[in-house]
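Letters are used for the chains, namely A, B, C, D, E and F, taken in the order the chains are written, and counting of residues starts over at 1 for each.
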Amino acid sequence: MMPNNLFILQSSPHFKDKDSVPKIMYTVIISLMPAILASLYFFRFKALFLYLACVITALITEALFLFLRKKSLDSLSDGSAIITGLLLAMTLPPSLPVEHAVIGAVMAIAIGKQVFGGLGHNIFNPALVGRAFLQTAFPVAMTTWIPPITQKINTATFATPLGNLKFQDAVAQGTLAPLKDLFFGNIGGCLGETSALALLIGACYLFYKRAIDWRIPVGIICSLTVFTGIFWLINPNKYASPLFHVLAGGLIIGAFFMATDMVTSPITPLGTTIYAVGIGVLVGTIRLFGGFPEGVMYSILLMNIVVPLLNQFTRPRILGERRKK
Amino acid sequence: MSLSSRMVIVLTSVGLISGALLSTVGILTKERIALNKQLEIENAIITVVQGTHTSEIIYEEKDLVVYGSKDENNQLIGFAVYASGTGFQDKIILMYGTNPTFTKIYRLTILEQKETPGLGAKITDKDAFLQFWENKDSSQPLTLRKPAARSPEELSPFEVNTITGATISSESVLNIVRLSLGKLMSLKKEGKLGNEE
Amino acid sequence: MPPRTIGEEFTKGLWHENPIFRQLLGMCPTLAVTNAVINGIAMGLATTFVLIFSSIVVSSIKKLIPNQVRIASYIVVIATFVTMADRFLAAFFPLISKDLGPYVPLIVVNCIILGRQEAFSSKNSVGRSFIDALGMSAGFILALLILSSIREILGAGTFLGHQFLGSWFEPWVIMILPPGAFITLGILIALTFVIEHKIKQRR
Amino acid sequence: MDILIPIITMSALGFLFSLGLVFAYKKLRVQEDPRVLLVMEILPQVNCGACGYSGCRAFAEAIVKGDVPANGCPVGGEEVAHQLVKTLGLEAVEVIKKVARVHCRGTVSATKESGLYRGIFTCYASHLVGGQKQCSYGCLGFGDCVEACPFDAIYMGEDGLPIVMEDKCTACGKCVDACPRNIIELHNIKQNILVFCRSLDRGPTARKACKNACIACGICVRACPEAIVLENNLAKIVHFKNIPRDKIPDIEKCPTKAIGLIHKENKKQEDDR
Amino acid sequence: MKTKTFPRGIHPPEYKDITANKPIEVMPPPEKVFIPLHQHFGKPAQPLVKKGDAVCVGQKIGEGQGLFSASVHSSISGKVLSVEDYFHPLGMPVLTVSIENDGEDRPLQEIEKTEKPLSLSPKEICNKVKEAGVVGLGGAAFPTAVKLSPPKDKPVDMIIINGCECEPFLTADYRLMLEFADDLLMGAELVRTATGAKRIIVGIEDNKKDAYKLLQEKAGGKPIEVQLLKTKYPQGAEKNLIYALLRREVPRGGLPFDVGVIVQNVGTAKAIWDAVHNGKPLYERVITISGPGIKDPKNLLVRIGTPFQKVIDFCGGIEDGTNILLMGGPMMGLSQWNPEAPVIKGTSGILALKTPVSFKEYECIGCSRCVEHCPTGLVPTRLAKHVKYNHLKEAEEWGILDCVECGCCQYTCPAKIYLVQWIRLGKNIIISNKRKKSA
Amino acid sequence: MELVALFISAILINNFVLHYFLGICPFLGVSKKIDSAFSMGLAVTFVMTITAVITWVINHWILLPNNLEYLQIVSFILVIASLVQLVEMFIRKVSPPLYQAMGIYLPLITTNCAIMGLALLAALKNYSFVETVVFGVGSGIGFTLAIILMAGIREQLDLSDVPEPLKGAGIALIVAGIMALAFLGFSGMIK
C-alpha cells in the first residue's frame, strides 16, 4: 500500500463540531466592535492610538515568548492576544500616555499569560492583570479623565460618574449622571465602558453565537442589583440606585466580556454561579465601602484567585452518584 | 555530670551571658534612643509652632497629646497637637500647631504614615501638600479643595488642598485635624486644658 | 568530596548556594525591605553582623552544647546579636530603623541564620564558619542589592535616593509595593535558573 | 540593679526552657531505630519505588526489620547491597547486575506504517488504536520508556528505537512497566545474545510488516537446540549460558538478524551517542 | 405522547437518510471467512476445530470458557484453513479460524425448532441463547446469556429494548425494526420470560417515527410499551436511556440490574428469538455500510467473518478521497487500517468517510463545553489533564472510570483535544495497574 | 466596631503574607497541596492565637514594668520556640489524628516569621489585650486564606505548561504578586 493511500488511524470520536478556538476568539473580537467604534467616536485619535499600541504590543510580546519557548508562531493567529490587547485598551482612560499603555500590554501578556504557559494556562485575566499593573504603577495617570467629545466642556480634570459618586457625594448633591447618558455613552470613563448600549449589542451577538456562559453576566448583574438595591432601599439619599450601578463604570464590559473569559472562569456550572455572584457582591462592596470608586477589575481578579478552588470543590454530580451528606 | 543537668546548666548559662550582654547594650543605647524619640517630637513642635523655646505636655490621652509652646519669654505662643487617625492604608500620625485660641493653624507635619509611595505618601511632601496647610483659619470648619489648586494663593483661608489621585489620604489628614480640633475645643470649654491664660 | 578551599567556601554563598536565589531562604526580609537600596543595604549589614557573630560563637561553643538544647541555645545566641543590631540601628540610624520596622528583630527567625548554624557552624571550625558566614552574607547582600536596585530605580526613578533616571521617567509605583516585590523576585529567580542551566550546558 | 534584672530574667528563662526540654526529652522522646537513618544514608534516595516499597525510607524500615534481603534495592545494585550487608551485619547475598534491553529492531526504515496516526503521541495511546505500524508487536517509537526512566538512561535513537545506556541503567524496571508492548525486559548484564523481536506473526506476515522481524525459520534453533527454541513463530533463548561461544557465528546467520550478539550492537550504540 | 430524554448530550449531524430507505439486502457468503474466537466481552473462546476440518453453517467452532464468554459458530460451510492469529478490527491480533467456502451452505443437521418458546423455563431459554453464542449487538458484545440470568438478590422488573440507534449514519437497527418487528417483539417477550420482569419498554428516537408507529401497532395487546425519545446522542447509552425512560440512575460502577432493568438492543432481541425459536446460532447480522466514501451504501445481512473489503466491494467499492474507514458509527467506531479485517458480532456498520486530514489542536481554554455536554456528568478536561500529567489517583477521584467514551466531550471541544483518547488511556493504565496489584 | 475592622483588616487588607511579607517560607513551601496548606494554616492560626496571648502577658506584665523592652526579641522567640514544642507534644499525646493533620507542620513554625512578626507588631502597635487576640486570630485566618488560595492555584498549575525556569518558586512568587495586586482592591475599605 502506498503511504498516501493509508487510512487515518485515530481514536473515536471521528466527528468534531465545527467550532474552534480561533472562531470563538474572532467572535469575541467582532462583538467588541460596536463598543470600539463608539469609543473611537467619543475619543477620536486618542482612542485609536491606544488600541493600536495595545494590540500591536500584545502581539509582539506574545510572539517573543513563543519564540523564546520554541513554539510555533502559528498560535499568534488564534486571536487571543488581540482580544487581550483590545480589552486592555478598552479599560484604559483615554488620556493615558501611549507608552504606559505599551507597558500595560507587555505586562498583560508576559505576567498575565505567558509565564503560566500561554493560552489556556493562565490563572488571572491577562487584560486585567495589565490594567491592575498600570493602575498600581501609575495611579494618577490611571485616574485622570477627559470628557468625551460629545460634552462640549473644556476642563483639564473631569470626574467619572462613579468618581462623583464616591468623592463628591453625588447622590446627596443631585449631580449623579443621568441613566440615559450612562446608557448611550455621554460620560467620561475608560474607552470601552462609556456606552452600555454598544456593549450590549456586542453581547447579544455573543449570546447568539453561544460564545459565553449566560450564568456569568446574569449572576453578576443580579447579585450586584440585590446588593446595591438593599442599601438603596434603606437610604436612597445616600446610595445610588441599582440600575445606576449596573450601567456605570466597567460593569457591563466586565460582566459580559471579561468575567466570561473561559480560561479564567470555573468549568463547573455550580462553580460558575458562585464565581459570578462573588464578583457582583465584591463589586458592590468595593464601590460602596472601598477606597476605590470602581471595583470591577479587582473583583474579577479576586474571584480569579478562587477559581481553582471552585473547580476543585464543585465537581458536578456524576450520573448515578450518591453524595454523602 | 548527667545529660539533664548539663542541658539545664548550658542553657541557663547561655541565658545568663546573653542577659548580661543585652543589659549592657540596653543600658548603653537606652538614652540615645529615648533622646532620638524626644528629638523627633521636639523638632516637630518647633516646626509647627515656630519660635518655640520650651514646651510641655498639658494634656494627654490615647492618640491625642497637646504640647503647650512657650517662647523665650515663657509666653504661651500656641499649642502643638499630636493626633492620629486612619488613612488610606494604615494609621497616619501627625502634628500641627495652633494659636492659643485654636482659631488658627500655623503649620502641619506628618510624623508617621504608611500611605502609597508616590501617591498618598505625598502628604509628607512640602510642595505637594504641607505648604497648603500653612496659616489656615480654623475658626470655621475647614474644607477640601477638589480638584486640586496649584498654589496656596488660590485657596481661601478655610480651604486645604487635595493631592490629585490621593483624595482619600488628603481627606484623612483633614479629618484627623478636624476631629482633634473639635475635641480640643470642647476640652477647653470644660477647662481641662490647664489654665494658661 | 574533597574539602573546599577557602575561596570556594566563600564564593559558594554568592552563587551556587546563594541563600535567596538558590536556597529560597529568608524570603520575608528580602521582600519586605528592598523597596529602597539603602534599606536593603542596612538589612544586609545587620544580617551579616548577626550571621558572622553567631557563627563564630556557635562554632566555638559547639562542643559544650548537648544536642537536645542545641536549637534553643542557638536561638538565644542569635536573638542576642539581633537585639544588639536592632538597638544599634535605633540609636544611631533612627530613620532607617523606622523604615525597617519589625524586620530587624525578625532576623532572629530568618531561616538563613539558623540554617547556617545547623548546617555548617555546628560542624565546622571557627575559621571555616567565619568564611562561610561571610560568603553567605555576601550572597544575601548581593541579592538584596539587585532586588532593591531594580525596585528603587523603577519604582522611584532613584538610586540610593539620587535621581537616577531622568525626570522624563514616570516611576512605577507598583515596584515599591508588595506586588512589585513578589513579581520582581519571581522573575529574578527564574533568571537565575536560566543562567544556571546555561552554565551547566557549557560544561 | 539595672543590670541585674535582665540577667536574672534571662537566666530564669533559660533555666525554665531547659527544664522544659529536659522534661520533653525524658517523657516524650520518640523511639526510632537509629539503623534506619544509617540505611537511609546508604540508599540512593531516588524514591523510585522499584523495590516495591513506597520510597527509600519505607525500604529502609523494611530492611531493618528484616523483611527484605540486602539486594532488595535494584537501583543501588552491588555496591549498596554490599554496604548494607556490612552495616547491618546481614548474610551476604549474590547480586546480579541487570539492565534493561529492547527486544525490537523495528526501526522506522525497517517497518511499514499501517495508517496515518492521529492522536496523542505516546506509545500507549497509539497501541490502544492498534499502533501505527503494521507489526502489532513492535516498538511504536513514541518513547514512553524514555519518559518513564527516572535515571535518563534511555534515549530515542535516530531510527526511532529506544537505546539503553547500560552504564546508567539501574534496572529499576520503570521502562518495562511503561512499554505497552512489553518490548523491554531486564536481563543479566552478562547475557550477550538476544532475540530482537517479539512478533508472533507467521513468517511471511511478519516479514511484510518488518524487515528485521523473526520469521521463525529455525536457523538459530538448529545451530543451538540446547539453548534456543521456537515458540509461537518466535525464537526464544531458554538459557543463555548454554550457548557455547563457537556456536555464535552460526546463530548469527539469522537471515533477518533478529537474533545476535548484543555487544556488537552496543558498540554501535556507543558510537551513536 | 410526550417525548422523553436525558440531560446534556449533543446533536451531531445525522446522515441517516443515505440508507434509511434501503431495505436489508442479503449479502452472499464470501469465498473465505475469518472468524475470530474473541468477539465479545470476556474470555476468548476455545477452538473446537483444527486445520483441515470440514465445518457446516452454524457449527460451533469455538467453545465459550467460563462465565463471561461466548461460543463462536461457523458462518459458512467448508474447510478450516488455519487456526492462527489474524487481524482483528479491535487492533490486536486474535486467534482466528479461517474457513474456505465450499459454496454449499450446508446447514447443521441437528437444528431443532421450538414451537412454543414462550412456555420454556428461564433456564432453558438461557441455555439456548448461550448455545447460540448470542452476544449484545448494540456495541459492547456482552454475552447475552449472562445478562439473562441476573443475580437472585437483584430482581429485574423492567426490560428496555434499545431502538435508539443514536449514532449518525447507522440505520441497521431501524431497518431491523421495520422489517422484523414481530421477531424482535417476540424476542423481547422471551427476555421478559427469562428474567421474570413485568414490563417491556421499547425506546425509539423521534427521527424514526415510522418504526415507532409500526411497533406500537404490533405491541397492541401485549405488556409492551413503545416510547418516543427526543433525538439526542447518546440516547442509546444504557445508563442514559434508563434515566430518560424511567428516571432511574444506575449507581456508579453498577450495572442496569442494580436498578432492576435489563437493556437489550433490538438486534439482540431478534437474535434471541432466532436462537430460541429457530435454533439458529448467531452467525450473521445486519450492518449498515455507508458514508460519503461508499459508492452504493446499503443495509446488509452479512456473515460473521466476512472481510470488510468484500463487504465494501459488494457495495460498489470505495470512492477516491476516502481517508478513514470505521467499524461502527462515527462517534464510537474504531478506525481501521486493514480492510482485510473481518466483520464480527459487534460490527454495527462499516463507514468510509472523508474527513479533514489536519486540524490544529489547541490548549484547553476552559470553555466548559465538554462539561456541559458530558452525559455522565464528568469534567472531561480535568480527566484528560490528570492523565496527561500522570495524576492517576486524582483522575480516579474525578470519576474517570465512569466515562462511557461516548465522545460528546471531544465532539464539542473547540480546542480539538483528544479528550476521549486521554481518558481511554487513563482508564487502561488504571485498570491494568489494578490488575497488577491484585495479581 | 473597631475590633471588627481590625479583624477584617488583618485578614484582607493588611494580610500577613500579601501585605507584610511575613511567613513567606511556609507560604511558598507548604502550598503545593490544598490539604497540607489547610493544615498548615490551622497550625499557624492556632499558634498565633496562643502566641498573641502569651507574649502580651510577658510584654505587659514582665518586660514593660521593668523597662526591659530590649529583651522582647529574646524572650518572645524563646517563648515561641518552647510553645511550639509544647503544643506539638501536647497534640501528639491528646489527639493523634489532629497531630497527623497539623502536627508535622508545627516544627516548621518556629522559624516562621509570621509568628514572631505577630508578637512584635502587636507590641509595636501597642494593642490592648483584646485587640492583640483579635489581631492574632485575624492574622492567622488571613494567612490560612492566602495559603489555601495559593495551594488551589498551584494544584491547577500542576496541570499547566509553566515554562521550566519558572516552575516552583518563580511562578509561585508571581502568583503571589498578582494576588497582592488583587488584594489591593480591599485597601481603603477600613476608615
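Worth pointing out:
Criterion: a contact is a pair of C-beta atoms (placed from the backbone, for glycine too) under 8 Å apart; a residue touches a chain by one contact, two chains touch by 3 or more.
These numbers come from a predicted model, not from an experiment.
Taking each chain's centre as the mean of its CA atoms, E is the chain most distant from chain B. Centre-to-centre separation between chain B and chain F, using Cα means, comes to 31 Å. Work out the mean CA point of chain A and of chain E, and you get 48 Å between them.
Centroids of chain D and chain E (each the mean of its C-alpha atoms) stand 41 Å apart. Between chain C and chain E the centroid-to-centroid distance comes to 69 Å (mean Cα coordinates, whole Å). Counting partner chains per residue, chain A has residues 6-11, 111, 117-118, 121, 133, 136, 139, 291, 311 touching two or more of them.
Residues of chain C in contact with two or more other chains: 68-69, 72, 76, 79-80, 83, 87, 173-174, 177, 179-180, 183.
Touching of two or more other chains is recorded for residues 5-6, 9-10, 13-14, 17-18, 21-22, 25, 114-116, 119, 125, 128-130 of chain D.
The complete set of chain-chain contacts reads A-B, A-C, A-D, A-E, A-F, B-C, B-D, B-F, C-D, C-F, D-E, D-F, E-F.
Remark: chain B residues 3-4, 7-8, 10-16, 18-20, 22-24, 26-27 touch chain D in the complex. Residues 3, 6-7, 10-11, 14-15, 18, 21-22, 25-26, 29, 32-33, 36, 40, 112, 116-119 of chain B touch chain C in their complex.
For chain E in complex with chain A, the touching residues are 10, 12-13, 168, 239-240, 243, 249-252, 254, 322-326, 328, 330-337, 353, 355, 357, 359-360, 362-368, 371-372, 375-379, 381-382, 398-399, 402, 405, 407, 410-416, 418, 420-421, 424. Across the complex, chain E is touched by residues 114-116, 119-120, 122, 124-125, 128-131, 136, 200-202 of chain D.
Taken together, the chain B residues at the contact with chain A in this complex read 88, 116, 118-119, 146-147, 164-168.
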